[in-house]
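Input: structures, listed below.
What follows is chain A paired twice: with chain B in the first complex and chain C in the second.
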Partner chain A sequence: MVKMILIAIVAPLLAFSIGLSFMMIKRKVVARIQRRYGPTIIQPIFDIMKLLLKEDNISHGVIFSLGPIIAIAGSILSVFFIPIAGLNMLTGSGDLIALLYIMAIGSLGMALGAGDSANPNASIGISRALTLMFGYDLPLVIIVISVALQYHTTDLSAIVAAQANGHWALWSLPLSAIVGFVVTYGALGEHPFDIITAPHEVATGPMVEYGGKHLGFLMINHAFHLYVEIALFVDLFLGGASNIFIFYIKMFAVFFIMMMFDEVLPRFKIDDAVRFFWKWPTVVALISLIIVLVK
Partner chain B sequence: MEKMTEEQVKSIANMLRKRSLWMIHYCTGCGAMELPPTMTSRYDMERFGLAPYVTSRQADILLITGYLNVKTLRRVITVYEQMLDPKYVIGFGSCTLNGGVYWDSYAVIKQLDRYIPADLYIAGCMPRPEAVISAFRHLMELIDSGKADGYKRYKRNLAYYKENQRKVLG
Partner chain C sequence: MNILLEIMLATPFIGGLLAFIGGKVHRWVRYAVAVTFSFLTLIEALVYYNATIKGVVWGSLFGSKLVLQTNPISWLFLFIVTAMSFLIVIFSIGDMEEDKIKLDSYYMQLLFVEGAMVGIVLAGDLITFFMFWEIMSWTSYFLIIYGGKKSVAAGYKYIIMSIIGAYSMFIAIAMLYVKAHSLVYADVAATLAHSSATFVVWTVVLLGIGFFVKAAVMPLHTWLPDAHSEAPSPVSPLLSGVLIKMGAYGLFIVLYGFLSVQLAGNIMPSVFSTPILLYIIQWLAALSIVLATFLAIMQEDAKRLLAYSSISQIGYVVLGIATGTSLGVAGGLFHALNHAIFKGLLFLAVGAVIYRTGTRNLSDLGGLVKKMPYTFTALLLGIIALAGVPPLNGFVSKWMIYEALLQKKEVFLLIMAFIGSTGAFLYVYRLIHSIFLGQLPKKYENVKDVPILMQFPIWVLAVLTIVFGIFPGLAMNVIVKGMKLFGFKPIAYTLFGFPQGTAMGALKVINISAVLVVAFVAAWVLFLILSKSRKVSQYDNYAAGQVVTPELKYNYSFGFYMSFGRVIKSILKLGIERIYNYWVDAAKVFGDYYMRRVYTGNLETYNSYIVIVVTIAAVAILLGGKLW
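Coming up: the complex of A and B.
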């Protein structure tokens, strides 16, 4: 019991610090790619602290204020379902399919809050977010089914255990792994899939009316979101890890490759993004599924 | 442990605030061209934790670039009132100080400080990116010492500002 409570406190803190460290490194790496010096490494901490210290916090209604909290709650709940480094928190009581449902809560919380702000930019942004989710969820579900069929289980900790000693799903299911990378990339909303926040088109989309501590909570949620998406990819295809350092290194490797793509690509239109997800990743994921079924 | 006084809490808050300033630049006039080099690789203002943001709710600094005519003043006041405290205003270019080359125009606001409280002015037509960055550094010092209190002045002297705004806007 005590151990469970301890894990319940430590796991979100760990997830938050990993996500935050990625946010820090990203600002610096992006600056270096653009041949700038870049901000100090702890700049995201200053940003979050400043937002939480704002004297004014305008709310447009109860749901508007609840939106970021629902989003954080959904993200923290999905942290518990992802096994890291032998810590199986709630993975026993819910499987991969439950996790897929819980991961959608974050976007839905944002949708509720943005809808309550009654700003047209927020409505456009959130409709884009949900449409994009519709786009990348189809290949995601197909690759999750292929991984589950490959290991004859939907228990994420059993999938991690089956990949021990270097028998990664990346080697046995390379096509699914590629699709998984693209889908994770899309879920993080990096270029070219940053249509949701697109500052030049919809003025940061769902966040347009958020300021002060609400925006601070959304930045904290972004750290959790980064962690959840990449940790799921590492667990599914890179075999998890036996300790937290190896896990961090694997996550960082995935994130570093993503940053390289992020800086050189322009932005999709929303219909092009959905068309892309339903064409190439879906077809490749289906081929991978057929290979698993035939084998 | 001793209890922290309100003063100490405020000074810590100011120290954090000055390290992260988000700017909304309302490009009313001609100054828009000086800002892209300030933001991007050449002068890179992100070094100091400054970043351009797109909406008034998220921003801390309102940068009024160049001349401000009567029509845009209404929007500028709306943007300023939408921003969340603490907020700072920088008048950019000579036109916000005394009208600049538009000193005798019937459609241009001569003195920004009569309508919204400016914390800082950058003189020049146009100020170079170096001048812009040095102004931001100066604003940071003002915030740190608690002297950048434009938003408090606006609340305290609301009647004065509203009266001046009513005179031009009608």
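Coming up: the complex of A and C.
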């Protein structure tokens, strides 16, 4: 019992710290790519503290305030369904397919909140976010099906266990892994998929009216979001990990490669992004799926 | 106890007549009778929870016995029919404008539709089934055209397609009668077991056309978007939540009551270990899911959006039923129940909005969340359930269908089912955003939430989405027990979900919801500790320096997914309706050109016809009744 409560408290905190550390490193790496010195490494912590402690917060209504709260609740829920370093937590209560929908709770809550801000920029941002989600979901479900068929289970902890001793899905399903990387990348909304926030077009989209503690909550949620997406990729294709340090190294490796892409690409138009996802990633994912089926 | 079956069947019909007569006395008599009798039917239905009664003979026709029966599967649909009808009657009292003459017949027809559907699910032979099927079609037709104007055209389309479906079913029933001389389900099943594959396929296809018209499976769906959107607000949930389920029920009876997976597998080739007939049905269902989802995303009319979503969701039901595995069929049946609940809820909530604002055009609405918070909350629960997001009911049944398809390795169907679900996020968000979020138009500043009579049915359904979401075992108790009677292996389940082994993974919804609630409370507490937020008006908004005023339409609602529309442009251009219209035009040309040669409208021509016919008849009599 004590152990369970401990896990329930530690797991989200750990997820948050990992996500936060990625946010910190990203600021620095981006600066170096752009030949700047960049802010101090703990700048994101300062940012979050500053926002949370603001005295003046504005709210456009109850749903507006609930948005960020549901977003965080959804993210914390997802954390418990992703096995990390041998800890399976709640994987027995919901499998990979359930996880796909659990991960949507937070985003949809956030969408509600943004809609209530009564700003068309936010609405356009949500319209784009959902369209983009529809885009990357097609290749995503195909690779999820491939992995499930490869290991004859949808239980995420069993999938991780089957990849022990270096039998990573990356080696047995290389095409799916590549697509998985692209999809994770798209789900994080980095360039060229940053159409949702696109500051020059829709003034940060869904977040346009958010400030103060609300925006602080959204930054916290971003840290969770980074963790959830990348950890899922690591569990699916890089065999999870037996301890937290190796898990962190794997996640960091994935994130580092993403950062390299992030800073050198321009932005897609929204329909082009969907067309992109429905073309090459889908075709490659389907080829991989057919290979699994025939095998 | 068996006599109760006949009483239950008669209750709504008697109630309908009494409501009609009572309405002449006073409107409250009409309401009291309608509510009492629909409630009585519900109570009588609840008596038969999980009961199995076979062969209550109530008459005979053409030497075939007319039989009533019930089993847990029938009970599931009986529950959907009676519970939804009861709630819809209550909603109608609040919603329908007083119009003495029309309203009397409205309640009569409403109860007659209920009675007809009770008859369909209790039928134990095909004649009873077909009789009530036809009563259902006709009475629901009158409900659809209640509003007049555009709804007449929609009703026309509905009844024409229903008649085509009914003819098709009638041919199949006649074929079976000639072969079996009895239309009791058991005899039909026994006949089909010894029939040739051609005969079986023809029977199933002809019956299937009738069911698919009602269930609106593509390509026979074209009546649904018009009929569901033009019908009065309380009738739409009846059509969408209940009436189209009758098609699914019929399909289940034919596939597993008359045939069985083994039998079908013996007489026809199999694909992915599914008999090819079932496999084709699966593909039709999957195409319905995806195409209707695309169409729903592009709608500008709240009820039309929900109507297309119904085509998509009934696709899941049919897809589940057609999988032929215990898990898939259970998922399909469970989704039928869930869809009735959440789609009934959504149509009623949208009906409540129409009641207050008088429009269902999405881009005219907005910002109503502050004016109609209760309707908003209920509609929110409905869309979460529809989108298949845990912990509400739509998630569990969809999860079962996904897992069943995954077990069978029917990956392409599975991909389409997933896509339909993600697409649902798009259109449900469109629905809630355009009605309740965004800027509140000035003309709706004095809108209030709807009266309690309309709130009550909405909230009953909202609570049910939660109950069946967290306790799927409640529904599984009925479904698994019923499926055993149809020869399915029972699946393992618990009150809260499915243990490891039933599917390819486990599910325990109570844990998901509990952790979600705890996480929500934790985040909320942190939110409350921090300094309080100040409320601002809807015009206090970032507008790049512009000042937002009521005159400035500062809202994004029309063409919400326009950029996505560009992606699926080529798909949107497809239209099965064009093919039908081609045939309609051809029939018109035929009528105008050829029939006018015979029916000239000239009295002399008609007189000459009469002379010719009389002459021929006279000659025939003279020749001793023999013409050749």
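Note that in this section the second predicted complex is superposed on the first by the 295 of 295 C-alpha atoms of A that agree within 3 Å, B and C clash if a C-alpha of one lies under 4 Å from a C-alpha of the other, contacts with A are read in each partner's own complex, and residues count from 1 in each chain.
Just so we're on the same page, a residue touches a chain if its C-beta (ideal position, glycine included) is under 8 Å from a C-beta of that chain, and two chains touch if they have at least 3 such contacts.
No experiment lies behind these values; they were computed from the predicted model shown.
If you count the residues of chain A touched by chain B and by chain C, you find the higher number for C. Shared-chain residue A:H167: touches no atom of chain B or chain C.
With both structures placed on the common chain, the touch criterion links A:R32 to neither chain B nor chain C. By the document's definition of touching, both partners, chain B and chain C, reach A:L53. Of the two partner chains placed by the overlay, only chain C lies in contact with A:I69; chain B stays clear of it. Of the two partner chains placed by the overlay, chain B and chain C both lie in contact with A:G212. In the superposed model, A:A203 lies in contact with both chain B and chain C.
Shared-chain residue A:K279: touches no atom of chain B or chain C.
The contact surfaces that chain B and chain C form on chain A in the two complexes overlap at residues 53-58, 203, 208-209, 212.
Of all residues in chain B, those touching chain A in their complex are 13, 16-17, 19-20, 40-41, 44, 46-49, 53-55, 57-58, 60, 83-86. In the complex of the two chains, the chain A residues touching chain C come out as 8, 12, 52-61, 63, 65, 68-70, 72-74, 76-77, 80, 90, 92-98, 101-102, 104-105, 108, 111-112, 115-121, 123-124, 126-128, 130-131, 133-134, 137-138, 141-142, 145, 148-149, 152-156, 203, 208-209, 212-214, 216-217, 269-271, 274-275, 278, 289, 293.
Of all residues in chain C, only 367, 369-370, 380, 384, 387-390, 395, 399, 402-403, 406, 409, 411, 414-415, 418-419, 421-423, 425-426, 429, 432-433, 437-440, 497, 500, 503-509, 511-512, 515-516, 518-520, 522-524, 527, 530-536, 538, 540-544, 554-557, 560-561, 563-564, 566-567 touch chain A in the complex they form. Looking at the complex, you find that chain A touches chain B at residues 27, 31, 34-40, 43, 46-47, 49-50, 53-58, 199-200, 203-204, 207-212, 215.
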